[in-house]
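Here's the structure, in structure tokens; my notes come after.
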Amino acid sequence: MRRGELTTLLRRVKSGAVSTSEAARQLTAEPLERLEFATLDHERALRAGFPEVVFGPGKTPAQIVAIVGRLYRRSGVVLATRVDGAGIEAVRRAFPRAQVYDRCGAVVLRRRPPRGRGQVLVVCAGTADLPVAEEALVTARALGSRASMVADVGVAGLHRLLAHGRELRGARVLVVVAGLEGALPSVVSGLVDRPVIAVPTSVGYGTHFGGLAPLLAMLNSCAAGVTVVNVNNGFGAGYAAHLVNAGHR
Amino acid sequence: MRRGELTTLLRRVKSGAVSTSEAARQLTAEPLERLEFATLDHERALRAGFPEVVFGPGKTPAQIVAIVGRLYRRSGVVLATRVDGAGIEAVRRAFPRAQVYDRCGAVVLRRRPPRGRGQVLVVCAGTADLPVAEEALVTARALGSRASMVADVGVAGLHRLLAHGRELRGARVLVVVAGLEGALPSVVSGLVDRPVIAVPTSVGYGTHFGGLAPLLAMLNSCAAGVTVVNVNNGFGAGYAAHLVNAGHR
Amino acid sequence: MRRGELTTLLRRVKSGAVSTSEAARQLTAEPLERLEFATLDHERALRAGFPEVVFGPGKTPAQIVAIVGRLYRRSGVVLATRVDGAGIEAVRRAFPRAQVYDRCGAVVLRRRPPRGRGQVLVVCAGTADLPVAEEALVTARALGSRASMVADVGVAGLHRLLAHGRELRGARVLVVVAGLEGALPSVVSGLVDRPVIAVPTSVGYGTHFGGLAPLLAMLNSCAAGVTVVNVNNGFGAGYAAHLVNAGHR
Amino acid sequence: MRRGELTTLLRRVKSGAVSTSEAARQLTAEPLERLEFATLDHERALRAGFPEVVFGPGKTPAQIVAIVGRLYRRSGVVLATRVDGAGIEAVRRAFPRAQVYDRCGAVVLRRRPPRGRGQVLVVCAGTADLPVAEEALVTARALGSRASMVADVGVAGLHRLLAHGRELRGARVLVVVAGLEGALPSVVSGLVDRPVIAVPTSVGYGTHFGGLAPLLAMLNSCAAGVTVVNVNNGFGAGYAAHLVNAGHR
Amino acid sequence: MRRGELTTLLRRVKSGAVSTSEAARQLTAEPLERLEFATLDHERALRAGFPEVVFGPGKTPAQIVAIVGRLYRRSGVVLATRVDGAGIEAVRRAFPRAQVYDRCGAVVLRRRPPRGRGQVLVVCAGTADLPVAEEALVTARALGSRASMVADVGVAGLHRLLAHGRELRGARVLVVVAGLEGALPSVVSGLVDRPVIAVPTSVGYGTHFGGLAPLLAMLNSCAAGVTVVNVNNGFGAGYAAHLVNAGHR
Amino acid sequence: MRRGELTTLLRRVKSGAVSTSEAARQLTAEPLERLEFATLDHERALRAGFPEVVFGPGKTPAQIVAIVGRLYRRSGVVLATRVDGAGIEAVRRAFPRAQVYDRCGAVVLRRRPPRGRGQVLVVCAGTADLPVAEEALVTARALGSRASMVADVGVAGLHRLLAHGRELRGARVLVVVAGLEGALPSVVSGLVDRPVIAVPTSVGYGTHFGGLAPLLAMLNSCAAGVTVVNVNNGFGAGYAAHLVNAGHR
Amino acid sequence: MRRGELTTLLRRVKSGAVSTSEAARQLTAEPLERLEFATLDHERALRAGFPEVVFGPGKTPAQIVAIVGRLYRRSGVVLATRVDGAGIEAVRRAFPRAQVYDRCGAVVLRRRPPRGRGQVLVVCAGTADLPVAEEALVTARALGSRASMVADVGVAGLHRLLAHGRELRGARVLVVVAGLEGALPSVVSGLVDRPVIAVPTSVGYGTHFGGLAPLLAMLNSCAAGVTVVNVNNGFGAGYAAHLVNAGHR
Amino acid sequence: MRRGELTTLLRRVKSGAVSTSEAARQLTAEPLERLEFATLDHERALRAGFPEVVFGPGKTPAQIVAIVGRLYRRSGVVLATRVDGAGIEAVRRAFPRAQVYDRCGAVVLRRRPPRGRGQVLVVCAGTADLPVAEEALVTARALGSRASMVADVGVAGLHRLLAHGRELRGARVLVVVAGLEGALPSVVSGLVDRPVIAVPTSVGYGTHFGGLAPLLAMLNSCAAGVTVVNVNNGFGAGYAAHLVNAGHR
């Protein structure tokens, strides 16, 4: 029952047009439909300041352009992920002001620049992991977090990682992206006192099993404070990092 | 908001003690808590004619006796599954009239015999699969279905199975329990035109992987109409079979 | 031995042309071939009211057209599943009256509309799961069940699902289709007292392992009454749902 | 090189007792040993306000008592996890003021009560998952977070969960603990806008594979913002939740 | 319908007491039950010269003694496998003439020594694999094959294996038993022109996964002519080897 | 040392041109190289009556034509397996008399028809399994066995299988080919007293895991006497069946 | 802090321009950045005599030419692996003197021939494994080891392997490459007293699982002294073999 | 044919007592048995300076004492691994001078201290990994290598590892032992230019899968030069490390 209907019903109770028992019956007869979750959803949109995210796979370029346009008109901000080449091209033509990230297929379109609160740091092990890292970075920024990236800092060359100590310690939350053996989150978590969100990537071959090797490594990290998302899920990591970062004032 | 509170509120709306806008606010302010799911739950209990089932593992004999007693007093019927030896002993002492099924650790306690509608047939491949088959049988009966069992009819001795043709064709739904290669549901499903619920068991060794081999066989059955439950889940199969059977008038 | 041969033999026994011992020898000499299963098969066709289903993969468009035509002439109704684009095109040209379901590659051709008994409800988690859900829907309908679908009701937005309470409670059996974490069947089963047939889909990536994640979730459902079919097996779910539904009068 | 040594060396440079080139040689000769990570470690302890956590398995009761005592004298606060029955007994005798959590084998010993900042909410699906949930709760509290728990709110009985809407929305970060199909984190994440840390448990059987089923479900959650820890890793989840919560002022 | 009943029926047809149509009806009315598979079973027993084999697990010592006794009285020969210590003891007391194989838990009891036809050779990689190899040996012998064993001939010490060339080449069929990497069947198959039945054992640790490593090796053997049985299934290998060997005259 | 060299050496010992100690040194100096395995290999070729088999994958059409030609000139008989379309075409042009089996990519070229001893029966579950079954059939025949096939006899339609009782019982060894749940070998093995070689195929989808489901089923068969080869390995099954069959006189 | 900066700082300490306490603060303030790992890296390059290796996948032909050129100018030697056809073509045009290995996609460009110390022997089971074996061979040679290969010596034809006894015993370290069942490393290790580095390849099908079968076999080798690298990782094996070989004087 | 027999035969050839053709026949008649591998074995023992190693599991204390005694008398040195408590006790009583390593169940008994050549360094991540690390250390030493250990240097506390730079760089070969995520070998390999042999341990829980997690991490290491042994295989790693180290002069 929508609010309008509810108010009408209550008025009819007040006026005696509907008895209280009849009103009680109506209000309890359909327990499943009654919930005005729209309210909740609205609250969520208000709090998160962000509408539904567009997931590219399975959508035609025309569909993507249409959805992006509709969301943009309503909210003033849109994030689309994993859009393929043709979709990217179509978005570019339709929205010349859209920011397009070719490596990971992300598109951001917004009226106002985000406030850029807090500090999310994305740390990326190898150059082949960059598309996933970029997706995390773009997602966190699109949602309103300040975010930056440190790349190519694999564990077999520790000095490159250690050279970024100040950035590591300056972040409120870190997203650490790694394929191969997935050791980087453990090492990074040992250097900071912040939540580390680990993202395994499918970069590897043979017994890598498409990302299973680093996923297991990350789930079994010897460093407390590491949590993990699905293989290649840069979006999920960036989203969770934003939620953590957004809690900081 | 419970029904009593709701009626009170509506009466105060009618009397003018509460404004309609205030009432609307109260009715929508806590969207999550408002759902009177208790109603739904109550409906479910009425329809199913059966209270919550007691799952034995992790409970002490004393706890089992207490829970069984409370449910019995309230509903007049109780089913407990996977009760271990000590629990069985305690139930026997506390409720001498309880029906106890040692092989599968099930206990049934009821005031009136069930009506025994329809016909559930449990088909069991080998003698080692009997505990799981019995759990399915006891569950379906406890819930109110008429149910019987055909046992020791493995696919390497087809004639034993074929000798039960009349029973197979007389059932409204069949639960087929098998370990080892799990081939029986396919063969049975080819002989009847009824839903077959397949239950893989952990009976086997080596590459059986605790029931994975028959589970995969059952999921890949060449016979349409076969659905599957978890390894050794006789309870779940008996429960689902009862739901199917109960739909028949 | 076919019935005609059997009658002839018995007549020759009666007339003395064949001795009883010779007749006994003939009737037992070939125990495997004697079974007149054709009778059984015929019975099955009569009861199910449906001939063999055509499985598209591995067949050329010409083969599909030929098989569909032959079955249609004999039975007046045909269901073909997983027909690819070229096959669909060929069927359309050959049988302009065929109902074609592009999303899942199903084709239905029938002389008379089905009676549409009972009520099968297909519940679908995400839009990417629609081809599998549609296959279940088309299959149940083709076999003669009344069936409808509720789509895009994932567990992360419960209000959408809860808004369909009446449809959920009105079904005799539910097919619940979900990819990703496959949580929907548990939630749905908690809201109804009917059999729930869960279909995991391959929609997902990384540790989804082509549908393994939701399959395991569904097999381990905390809700009793859930049974499961193979990944993407909309046909099998629709077939089993029809068998359940057809039992209701 | 410790700080004292460094200062001495620099003084000798200043006084001319050591040449600048000799000092440079000494300062670069042992690149690996030079890092004063002790400083870093000290910083970490200061920031986290918490010493090393004692992991029980493989330690004798005497060893546990000794380690707990030493850490307590130095830091005034100790957390030990997964201590078995004998270890718990020994700790109780040695430190009568220790808080002991039998269900999960945790021990906390502290001079001052923690400040209890922010709000961590642990949500637990079934009663069998309680030991893991309690470990998360105790860990978050021991580290200094305010934390509470909502238990027995499985997805097959949504109304129980929905009845806790206010608590769900009041948390800064949620730890959601579930065995079986592991669906709860997706449902909870759809109701709040906070980070959700999901903990799969080994509660289940058959194809549950010791927690693999809920782990995969959680990694493939349709709800953004969910991150995951290892099976039964209540400690890791509580630790990460505290790090998230501690960032909030 | 048993043969006696059939003859009676035919006689009544001949005498006119039963019409041919009635007889035809009776003979086709119960298609499933009609098969006189007992005949087939009897044939099988005659040909194999061997009754059902007793599988020990799950049977009490008393049950094993009872079953062994009954089969022995009927057939004059019994094989029981995987009988545990208590069962072995009970059999020894009850049947002092029984041959007992402690290592693999096999028991053979027979009136006459077998004829010992052909030649089965069991080849065993390591001493820890001996229980499985012995089970194969005892099974083949019990069924009536002449059989012998070559043990401790792992692939890392080829000379030991090569020293048995004459025995290898003298066998009609070889059972090759190996744990660890399971390489022996490939090497042996390259030295003979006979069927090789490979048996992986669970001897190993870590990534051996209870026999999965040698099983996969054997299934992927580079030598044609190798077939495989389940992990530790010495009985199955001995049985199949006997069937191969028994075909030789 | 080749036989010619050996004879020369011995003659020089006899003539005194080489001392006995020098000859002993030469004969023991290179223990690894001394083995005249060529003899063994020759023996194998004589016994098997068949040269090396050509495995198509990774070879160009020209290479296949060249190898087939060389083997044919030397031995008068060649078998090539898994030759792709282009290779088949090239072989057809080069050897118009070659027998070509398009479905499985096998080629046989021989001067004389084989003697066709014994009887190998290939039993095939579904039409999609035919390429694998044909490979087994062609291999057994090429090696010199008489062989035939029974096709489309899945376990969900037992009557089709049972109609072939005479052929089943007439075989010396059976190759049973099945995808999906792989139940056919168990059923067949229960009907005969001959060795059954089971071949799982990759026909299936979802949890079939490319043939893993039927492989596990076959390894866990409840019927003794079943041995198994790798997924889709029709060649290996046909080869092993020939070795079994060839032992029969 | 780079060495130049350090020297400057020390001079200013000496001159009094900077106090010792200020210098100590600067030298300890940034513990992470201070490490002059460049020194270490330089040492490594000096010792290994080899710069970074170029990994082809994901790089365009132009990028590969550019990187190879830059490394060549700086070091006088470059190794690139897994370069695809187009990349190989581009390298050939740009550096006519480059040695190109088409089979494995490796490219070596060097000013001076390597010294070729020690002896690495690559042993290869089947012709299909040659690309991986060649990668190991080229890598070991490029790094400065003398290396040779023995090919086509599978375990089902031992005589071919045994004919190479002298080469096997003459190596300081052996790389053994095998697909299928991966048995060769065990056999080779039994014939020599040198480290054996085993490389599983993805050559196989069905239950080979892309190299998992030989990997497990190698990890479970009954021969001590065998270590293993990832599936198809010829580069890693050649690299490790060079490190072992380079230690020998 | 043993050398004595060979010489006699050759003498008789020389004397004419045996014809050259008869001698050739004898020398080629038994190709398999002829190989004097004993020679090879003897050579191996001489070169390795070490007899067969005693593997404890499955042997009684008495058997272990007997085998150790026999090997000691013959060779003056024995290594036994994985001896359980009772075996250790028995060895201690029988050989008071034996060195016993309780943590890993190893026993060494030798007449003379080993020469201790080269330098093997065992690096151990956590205290729970010590039994495996000790086995590697004891094995390398028993075989004659100088060896030492660095323990408790996990990757989440890099400073502890970096503090051992000199030892790391001083080793000729390193054995790196780690459970949990198995990241240590990658980090160590990045700090040295020596072969690194990685040993995964079963220390972990949940998705650790008994050591699978670190095994996969080590096989997918981003650092070249890392090779891997089976889970917990300290013996194999120590053995291989000795072979590498022994090659250095």
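Per-chain numbering from 1; labels A, B, C, D, E, F, G and H assigned in written order.
Rule of thumb we're sticking to: a contact is a pair of C-beta atoms (placed from the backbone, for glycine too) under 8 Å apart; a residue touches a chain by one contact, two chains touch by 3 or more.
It should be emphasised that the depicted structure is a prediction, and the values quoted were computed from it without experimental measurement.
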Query raised in the report: Which chains does chain F share as contact partners with chain H?
Result: E, G
Query raised in the report: If you average the Cα atoms per chain, which one ends up farthest from chain C?
Result: H
Report summary line: Quick note, more Cb pairs in contact for E-H or B-F? It is B-F
Report task. Please identify which chain has its centre, taken as the mean of its CA atoms, farthest from the centre of chain A. Result -> E
Query raised in the report: Just how far, in Å, is the C-alpha centre of chain C from the one of chain B?
Result: 25
Query raised in the report: Taking each chain's centre as the mean position of its Cα atoms, how many Å separate chain B from chain D?
Result: 39
Query raised in the report: In whole angstrom, what separates the CA-based centres of chain A and chain F?
Result: 55
Report summary line: Flagged in chain A as touching 2+ other chains are 31-32, 35, 37, 40, 157-158, 191, 206-208, 212, 215, 219-220, 230
Requested in this report: Pull out all the chain pairs that touch, please.
Outcome: A-B, A-C, A-D, A-G, A-H, B-C, B-D, B-E, B-F, C-D, C-E, C-F, D-G, D-H, E-F, E-G, E-H, F-G, F-H, G-H
Query raised in the report: Once bound in the complex, which stretches of chain H touch chain F?
Result: 3, 6-7, 10-11, 13-14, 16, 20-21, 23-24, 27-28, 31-32, 34-37, 39-40
**Report entry** Residue numbers on chain E that touch chain F, as the complex places them
**Finding:** 40, 44, 47-48, 53, 172-173, 191, 193-195, 197, 215, 219-220, 224-230, 235-237, 239-240, 243-244, 247-249
Report summary line: Seen from chain A, its contact residues with chain G in the complex are 127-128, 157-160, 162-166, 168, 191, 205-208
Query raised in the report: Considering the complex alone, what residue numbers of chain E touch chain G?
Result: 125-126, 154-158, 180-183, 186-187, 189-191, 204, 206-209, 212-214, 216-223
Query raised in the report: Residues of chain G touching chain A in their complex?
Result: 30-33, 35, 37-38, 40-41, 57-58, 200, 202, 210-212, 215, 230-233
